[in-house]
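Should a chain be cited, it is by its letter among A, B, C, D and E, assigned in written order, with residues numbered from 1 in that chain.
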Amino acid sequence: MALKINTPLTVPKNKQKTYEKNYEIATRGTGRMMMFAGDQKVEHLNNDFVGKNIPAEVADPEHYFKIASQAHIGAFATQIGLISRYGRDYPNIPYIIKINSKTNLMTERFQDPFSNRWLPMRLINDFKEKSGLNIVGVGYTVYIGSSFEADMFGQAARIIYKAHRQGLISVIWMYPRGKAVKDRDEKNDIHLLAGGAGVGLTLGTDFVKIHYPYDLPGQNEVAKQFREVTTAAGRTKVICVGGSKKSPKKYLKLLSDQIKISGAQGNATGRNIYQRPLEESIRMANAISAVSLYDYSVEDAYKIYTGEKKLKK
Amino acid sequence: MALKINTPLTVPKNKQKTYEKNYEIATRGTGRMMMFAGDQKVEHLNNDFVGKNIPAEVADPEHYFKIASQAHIGAFATQIGLISRYGRDYPNIPYIIKINSKTNLMTERFQDPFSNRWLPMRLINDFKEKSGLNIVGVGYTVYIGSSFEADMFGQAARIIYKAHRQGLISVIWMYPRGKAVKDRDEKNDIHLLAGGAGVGLTLGTDFVKIHYPYDLPGQNEVAKQFREVTTAAGRTKVICVGGSKKSPKKYLKLLSDQIKISGAQGNATGRNIYQRPLEESIRMANAISAVSLYDYSVEDAYKIYTGEKKLKK
Amino acid sequence: MALKINTPLTVPKNKQKTYEKNYEIATRGTGRMMMFAGDQKVEHLNNDFVGKNIPAEVADPEHYFKIASQAHIGAFATQIGLISRYGRDYPNIPYIIKINSKTNLMTERFQDPFSNRWLPMRLINDFKEKSGLNIVGVGYTVYIGSSFEADMFGQAARIIYKAHRQGLISVIWMYPRGKAVKDRDEKNDIHLLAGGAGVGLTLGTDFVKIHYPYDLPGQNEVAKQFREVTTAAGRTKVICVGGSKKSPKKYLKLLSDQIKISGAQGNATGRNIYQRPLEESIRMANAISAVSLYDYSVEDAYKIYTGEKKLKK
Amino acid sequence: MALKINTPLTVPKNKQKTYEKNYEIATRGTGRMMMFAGDQKVEHLNNDFVGKNIPAEVADPEHYFKIASQAHIGAFATQIGLISRYGRDYPNIPYIIKINSKTNLMTERFQDPFSNRWLPMRLINDFKEKSGLNIVGVGYTVYIGSSFEADMFGQAARIIYKAHRQGLISVIWMYPRGKAVKDRDEKNDIHLLAGGAGVGLTLGTDFVKIHYPYDLPGQNEVAKQFREVTTAAGRTKVICVGGSKKSPKKYLKLLSDQIKISGAQGNATGRNIYQRPLEESIRMANAISAVSLYDYSVEDAYKIYTGEKKLKK
Amino acid sequence: MALKINTPLTVPKNKQKTYEKNYEIATRGTGRMMMFAGDQKVEHLNNDFVGKNIPAEVADPEHYFKIASQAHIGAFATQIGLISRYGRDYPNIPYIIKINSKTNLMTERFQDPFSNRWLPMRLINDFKEKSGLNIVGVGYTVYIGSSFEADMFGQAARIIYKAHRQGLISVIWMYPRGKAVKDRDEKNDIHLLAGGAGVGLTLGTDFVKIHYPYDLPGQNEVAKQFREVTTAAGRTKVICVGGSKKSPKKYLKLLSDQIKISGAQGNATGRNIYQRPLEESIRMANAISAVSLYDYSVEDAYKIYTGEKKLKK
């Protein structure tokens, strides 16, 4: 059965084919996206790449690309610099250019977070055209509640509009943040997360990346409550942040619940994939895709992770 | 009798027909506008869409569109993302694109409100042209008194000018807000509200959306005092904010007074319409139009709400 | 005797005729300007339009236009919205578009004043051309001493330059304001006012609108001391703010002194004209012009106000 | 002997002749510049123009132009408004347009100084071309150490680049200022002044205007120490601020030392020239040029001031 | 053996030859860069150029150029003003234009550092073309952790993109700075430095200039730990800041360790070269190149410094 895509009207007629093709690539024809998230070298500096329990090979930025090129993922999201420096050797990866990023050095005690656009869409399109890479979309972070929310709303709206105008898909990282929300549990407050998901829809993004309340007790009930989030997002699809590394089986179970119970349409995973040796990273990515894209059972997906099974689409 | 439109001179000659057509559509040929206000997914996050006394179907963003397409409204005002994602299925709705929006997370204790333009008019016009949707106008919020008032005045003035230049109508949400007005009852201070209405006129907007002092005692006297507001607005037409959900009969009475006593030229209603099951929402919207556009008595309009009568224009 | 105009060199040769014509219109061929100031709907919200001692008809914004069209004035200065909505019915008024405005809600306790440009000169010129109205110039407020002085200097300098480039005349409202000047009597400190007048000259404006020290004792001496202000302005002409409503005879005497003793080249009057019934407003405006433009004695001008005499130019 | 000009490479080949001509005019063919500084009407408001010991004629802004047109100066630096209003009557003065200025009202207790660009170079060039005036260069103030230093560096660098691109010369007023330097004696700290002079060179300006430590004891030794400043400036030429009015002989001696001992390449004098009756102002200006441009002895220059001698080039 | 250059995909095909040529020049065909860093006249004002132990000739800005033109360096990095004023006499130096700079006057007690772009790449390219100089690249400083980080990320990303688009190479000075990092030892915290190096890669720069932890004890172990930094940078090459003047032999040893142990790809040296008499400066620069580019032993390189040996490539 062919994938049914609800192309937004911000995609002009002459770019509809391009958009549908990019959408199909990023979702592997399933309508769901397994996004390999790789913007941590700015967001977390070197914290995610060296340390105990992190294999030495993770420290090499090429580790990202080896995984992304060999594993079964939807798209690899990272900053332009990494893409421009490794892309020539990894031309087959579907890329999502993460257009803004900030370090974790500034704390909210001093200043609310602002993640500024690095390049205008004009240059993103220029890069796509001249590099010949398989760039399928763009990503952008919005911190709702921040004193810079207004700036990010303007940038996000324009980026989504112009991405669609070129037939690219868009992903918005949508996080409540800043001194005004510091009294709320911004990663676990489902009602608040639902609000953010709805904002993603009003901006017109294809996918909105949302925190999942991993820390709440009663995860089965949580998965049901999280339907508020995917409902609020309407025709914008919700993909959940993977967050810090968890045990593989537990993580696959969580993803499965997100898909089957919560109504998520994929996931966005970084550390849970790449903080492992290459082969294990690849198997983990494939296991995630098994659950997220092809409705594998958690047990079967786990066997893909352990190498007992292969992913078949 | 044909509608007499006082076309502002910011509408150039070659766009006068377009403007008049949009004006006629948005006002159903009556000169008054029943605007279905649907920007709450940003302004109030998910607060208006889930909760006790709110039917489950309200949580689906498509609820907006079902109502807007089936009820007798003037125009549906919402953000571009919603329009771009549902518009293909709801091509007959007259749309007003709400160009700026902010969440309710930031409080005035930390920072005065700034609702930033999301897209320049150039892209709004691009969208109108390429989408083929029935976009009749644009909306924009100004917070007078805020420390960002200057920014919003600049954006609002340019948006109105450029909207008119393309034959679109404009609606300004005009609210006093911020630490400088915190000692005044900003939703009930009629003299202050009148000031805001007058500012709408100086900006050149067609309609200005104003709080109505629902909380003051002696509503009949209030309705008379509110004439200060509509008088101050001069040739700009005042439409009042519906606010939180009220009992249907009471709300229809309030609207009727706004029209017949206060001189309002329509209304802007959101929650009082959509926080109901679909059929009831539609009937409520029709009842509102009966009162606002066609001078129905409150009793007759209420019968439309209850289903005892049909709206006849 | 023909009016001698000292055309600034910012007016290019091919716009010199246009500039001279606008200058002649605005000054009624006298070289002095009686500017009917009408930007209060933003600056003072509705305070100037309703209240005791203010006739009911003043509340209607059209009151402005009735006066401006029937009285003998130089030009009527107001915001674009008012002009675009009433201009079609009042095409003969010479208009000065007030390009920036702010409300009086924000207090200096919280933030220094910033009055932001509403429209770029490109759109002002577009409006002039397309509307066909008799727009003779532009107005802009600068608050020297404010923490936003730098922004306003940039905007003012560009507006004046571009106005002249199109043959329009310019008026700068020049007021010391903000926390840095709060210890000075900013409306009565003649040396400070003279500084502001000089700044108007350095910006290149045709007219600079300055507070007059109405509250100081010994007004005859004050009028002489005020020569410091008109001297500092050099070839830029000073017109004084009328301020709050005064008794007609007293106001005419003050204006006469401003012209005959202080060296003012006209005046800028709002409330002293329009806070009266229409006919009285018109007579008052004519009386003001008699004193300001045609050197009538105070007594004769007062008779124009009372209706005993007619204005003859 | 022809003047040897070290034309910077920011001057393109086709503008080299224009640049050299402007350089020659501004330096009277000597390579040194006697700049008549006239931006005080903004910087000091009316303080420099009225007061005891200031002749009445100084209050008229035309006083500037009378001096500049009759005295032997290199160039007259002032704001565009003054030039555009008096330039038609004084077409022979070589003008330097001072592009930014601020009043002295804001104090550093509240906010660091920011002197904002008034007009972009595009309009400066437009003015030069259309006015036909003898505009030889542009001036701009940078406050190093201010919290707005970053803004001024950007503006200054672009102004110098674009001035050179049109063949105009540039002068940077370079002053350490703001809360970060309040503990240093910013007008007398030679090492700090040398730093500023070096910054002028890095920006690429032709001339940098620097405070001279007039208040330090042991002026002969000071003049020697000041060589640190002119050395740090390298191929950018240092001209010293004249500052408040001093006795003529003393001032001429100071200038002579600046030239002969410190290595200054001219001077920038305002109040020491114009706070005198016209004839005396002219003689003082000529005396200053005698010392600064033609190496007259202080005694001979003083005789020019007293009228006993004439300036011969 | 020909140099293998990993050209980033931000370099378009038609500029690849230009880029490779510039890369080859700047690295002397070795792939490593010995960058003579000369932006101190802004960053440190005159502190580095006069003082005890600093020879008098260092105070002359031309000292920079004499060294750069006679020593064996990769490229000389400095501001446009210096290049435009001395470049005509030193046309053979390969230049890197340092595009932003700030003085050291503002302290973090008052405000976090912001180093603002001085000229847009459009003008840099204009200068390169019109001057005919051998400009091989651009430099830009980013202060991660500063409250202005967002601004600098945007500027840096655009500058790198546009530099590559013209075939120029890029160097990012990457320093953690500001109140948010004041509790960390920002010049010696290797994990933090590694984070910065990784950020350089995400921005896509060719070289990233990083502090080296000179102050830590156990320098041999430090050199090994520093591999975290060069690893984090991936295909972006790390060059270390030279910092304050050290004894020549010690400095050469440190550089040798950076290359041989830490994986640095060159160095960026300023004061350790130029705070010496010309001939000694040249020999020191050559000794540095010997170690950094040609793998000389520290002993042999030291003999180049002392004049006992000549540098042979």
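Some notes on this structure:
The rule is simple: a residue touches a chain if its C-beta (ideal position, glycine included) is under 8 Å from a C-beta of that chain, and two chains touch if they have at least 3 such contacts.
All of these numbers come straight from a predicted model, not from anything done at the bench.
Chains making contact with subunit D as well as with subunit E: none in this assembly. Once the centre of each chain is set as its mean CA position, subunit C and subunit E turn out to be 58 Å apart. Rounded to whole angstrom units, the spacing between the C-alpha centres of subunit A and subunit E is 36.
Contacts with at least two other chains are made by no residue of subunit D. Chain-to-chain contact here is organised cyclically: the chains close a single ring, every chain touching exactly two others.
Subunit C makes touch with subunit B in their complex at residues 39, 41-42, 45-47, 49-50, 59-62, 78-88, 101-103, 105-107, 110-111, 114-120, 123, 126-127, 130-131, 133. Considering their complex, residues 6-10, 12-13, 144-147, 149-151, 153-154, 157-158, 160-162, 164-165, 176, 178-181, 191-192, 194-196, 198-205, 228, 231-236 of subunit E touch subunit A.
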